[in-house]
Amino acid sequence: MLLFGVRRLLQSLPTVLAAALTVFVLFSVIPGSIATSMFDDGRGMDAEVMERIRKELRLDDPVHVRFANYVGKLAVLDLGVSFRSREPVAQLLAKRLWPTFQLVVAAMAFAIAIGVPLGFVAAMRPGGVIDAISMFGAVSGLSIAAFWFGLLMMYLFALKLGWFPTFGYGGWNNLVLPAVTLGVAPLALLARTTRAAVLDVVNADFVRTARSKGMSETRVVRWHVLRNVAVIVLTTLGLQFGALMGQAVVVEKLFSWPGVGSLLVDSVFQRDIPAVQGCILLIVLFFLVVNTLVDIAAALIDPRIKYG
Amino acid sequence: MTLLAVEDLRIDLAAGDAPHAAVEEVSFEIARGETFGLVGESGCGKSITALAIMGLLQRPLSIGGGSIRLDGRAIQDLDAGEMRRLRGKRLAMIFQEPMTALNPLLPVGRQIAEMFILHEGASWRDAQRRAIEVLERVRVPAPERRARDYPHQLSGGMRQRVMIAIALACSPDLLIADEPTTALDVTVQSEIVDLMRELCAANGTAILMISHDLGLVASMCRTVGVMYAGRLVEMRASAEIFKAPAHPYTRGLVASLPRLGSRAAVGQRRLQEIAGVVPSIADFPPGCRFHPRCGRMTEICRTDAPAVRTLPGGGLVRCHHHG
Amino acid sequence: MRVGTNTVIGGTLFAIAILVGILAPWIAHTDPVMDANLMLAEEPPGREFWFGTDAQGRDIYSRVVHGARISLTVGVVAQLLNSMIGTALGLSAGYFGGWWDDFVTGLTNLMLAIPSLIFALAIMAILGPGLTSLLVALGLTNWSFTCRLARASALSLKSQGYVQASRVLGYGDIRIMITQILPNMLGPLIVIATLGMGGTILAEAALSFLGLGVRPPYPSWGSMLSEARDQITTAPWLSVFPGLAIFLTVLGLNLLGDGLRDILDPQSRSRRA
């Protein structure tokens, strides 16, 4: 199993490198993109600042040298220094890592805790009332703009009812609204996926065999259905994690949550290139690690993945 | 001694307003330890008859009438809990596709062990041990190692042996085998058939063998029932049915069996086939259901469904012009 | 061809959205950008201003209606771009195989490793705000699923008898791809495109909300919500209508996509994903 995990991690290495290259190309190579992109009020950067940037980023060196430099620095986790705060980017990110991690984990926990059982219940009586309502709810959940939902929640629960603070970071109270906002879409997706998976599995041949053995329905579910549904659901989880990260950026900004996502947005506005590059790379890395973990978990349950 | 008595069984297929009878007026008996074969093309209703006996019919299929008696006790209307107690313990079934009939995520040993947990209250450790014993009995080499394997690691023949192990683990009175060898290589088929025959003979387990392969069924079973379009059209001792098939459909089936070296002898140059196709449930022809494809059809066949007639040499047939 | 409830409801919602977008200049009450009356700022919904007015005194209803134009244009065009890129890449990769397939697969894996919204964000950062950059950013970052699907279809279809026959008859590769393979994968492609359009509209709204997409004073539903956020205590109704518009449009597309999937792609195993 360890070997499998290591193998999967190594397999993602080329993708990580490719992502690093892409980020590099986007931000460091496209001529003038950094120094002259017009933003906000349309003012360009003044010559002095531009010169300083050119020197700092060694824009005059040939491309391959710059890239080698870049990768070399990455290897020792040197992500450069933020334009705005003059802090090493790596340090900036380190501070922001935990809040984002908290938010994402809380959102997923919320989504799984409600979405999976909901899918199960809907599948028990397909075509029934609960099924129709929950599946319509699921489609709606997938159609809602997360930030709109967050805005409404903010209004209702923070401003009107005063149950939670509108923004800020610190205690459990602060985590609830952002986590629920971020978790709505995954919840909806999980509900649908679980429902489909349960319906598939429950009609499968091996479940018929289990019944022919004289197994009670509860045992059939416990011994055979759960496992097989879990594999399908896990795969979906892994796939849609990327979308979750994207949404996290928006939700963090909405709730002023001090995570990597809001740093990314702020850095983009401030044209803080090293910070932007660092954030993107970190997010990609995070995503790849999560995918590998999901793959390992799936392989633990489904023996065909390892051997097949 | 009659073990299983099916009488006038009717299975309904719910479709829109009125249900269609997918299977109708099916009656047969299986004695203790006897092997009985049910033959017919796909869609004739033999598989769902088996599922009905096991109580495994699911919507939109349901038992619409008739009775199924196990040792004299009617079981077609039993509640779920009672029926469950019979399954595995007294009635067992193996299916056509061993690959999909086993849970791909669990080792095969565990899937066999489940039987002992369910019916004999064994502990997991005991159950696993006995599972290995059963694997040995179905002649799986290196059973301790095999027990830890997953279904996808085994060959088709091995998987079917595992299915047989599961089915016979608790010594049931009746084993229903639904096309057990159809998905297997020809060389493996006879091994599996021999295995089944041997184990069941040793345990006194009766076999209900379902297949479209008339030759297989005839060689293994003492009595053979032929089904067509949901009805039992002939039921004879297997020796008789080959020698002198009574129903035109059976005759067609027997004639269509390719036989080595028989071309010159019988003067045939092509494989015989029965013209036409099996009707779907919604389109069962009136009168005798076989009449559109029958060489002996006359007016009465179009209008009157033939009643069951006893043949002089023993056996039953449903035809106006049999013999 | 049985058309289910999903298709009907979804299709209707989407059709309404498109109609609103097309007819915007005629059904709006005021000019969405210019007609601002500070005296009437932050009026709640009423008889004259159906959805109320915003902090600048502009009629929300008219802005929402015009916003349909922007959001739908971006959604449709960007999705079209995505579908074309994905189909072209996937189809050719599956059909030709070899190094081209390896390259496309690697590229697709890369695209999948970078969350599409973040990639779009990065591109917007370079190109600057505006409609064209938005189209480029959204149109170039969401083609991975289409590509995978197209590639899988091409792989399975290229060994079909009629394709082999065409080759023997001397048909050119491109002709075969377009006339023989493409039509057989249209069903699932349409389904993905429909569902993808919903996602693209949501992405545009998110980017505009962040200030990186369509910028004020132009009425994108997303940027309207961004403005609404600042006024949430004084004018909460501002937060309702643009979001509702997004919701109904995307819901329509999702329902339509689901419905189409049942018709065009019945054995889709990647259901609800």
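Worth a mention:
Going by the order they are written in, the chains are A, B and C; count residues from 1 in each one.
In this text, a residue touches a chain if its C-beta (ideal position, glycine included) is under 8 Å from a C-beta of that chain, and two chains touch if they have at least 3 such contacts.
For clarity, every value in this text was computed on a predicted model and none was experimentally measured.
Upon removal of chain A from consideration, the remaining chains are partitioned by touching into the following groups: B | C.
Annotation: A-C is the more contact-rich of the chain pairs A-B and A-C, by number of C-beta pairs in contact.
For the pair chain B and chain C, the distance between C-alpha centroids works out to 54 Å. The centroid of the Cα atoms in chain A and the matching centroid in chain B are 53 Å apart. Centre-to-centre spacing of chain A and chain C amounts to 21 Å, using the average Cα coordinate of each chain. Taken in their complex, chain A has these residues touching chain B: 204-206, 208-216, 219, 223-224, 227-228, 231, 301-304, 307-308. Those residues of chain A whose C-beta lies close enough to touch chain C in the complex are 12, 14-16, 18-19, 22-23, 26-27, 30, 33, 37-39, 138-140, 142-149, 151-152, 154-155, 159, 189, 192-193, 195-196, 236, 239-240, 242-243, 245-247, 249-250, 253-254, 264-265, 268-269, 276, 280, 283-284, 287-288. For chain B in complex with chain A, the touching residues are 54, 56, 84-89, 92-93, 95, 97, 100-106, 114-115, 118-119, 150, 152-153, 163, 166. Looking at the complex, you find that chain C touches chain A at residues 106, 109-110, 112-118, 121-129, 198, 202, 205-206, 209-212, 222, 225, 228-229, 232-233, 236, 239-240, 242-243, 246-247, 250-251, 253-255, 258, 271-273.
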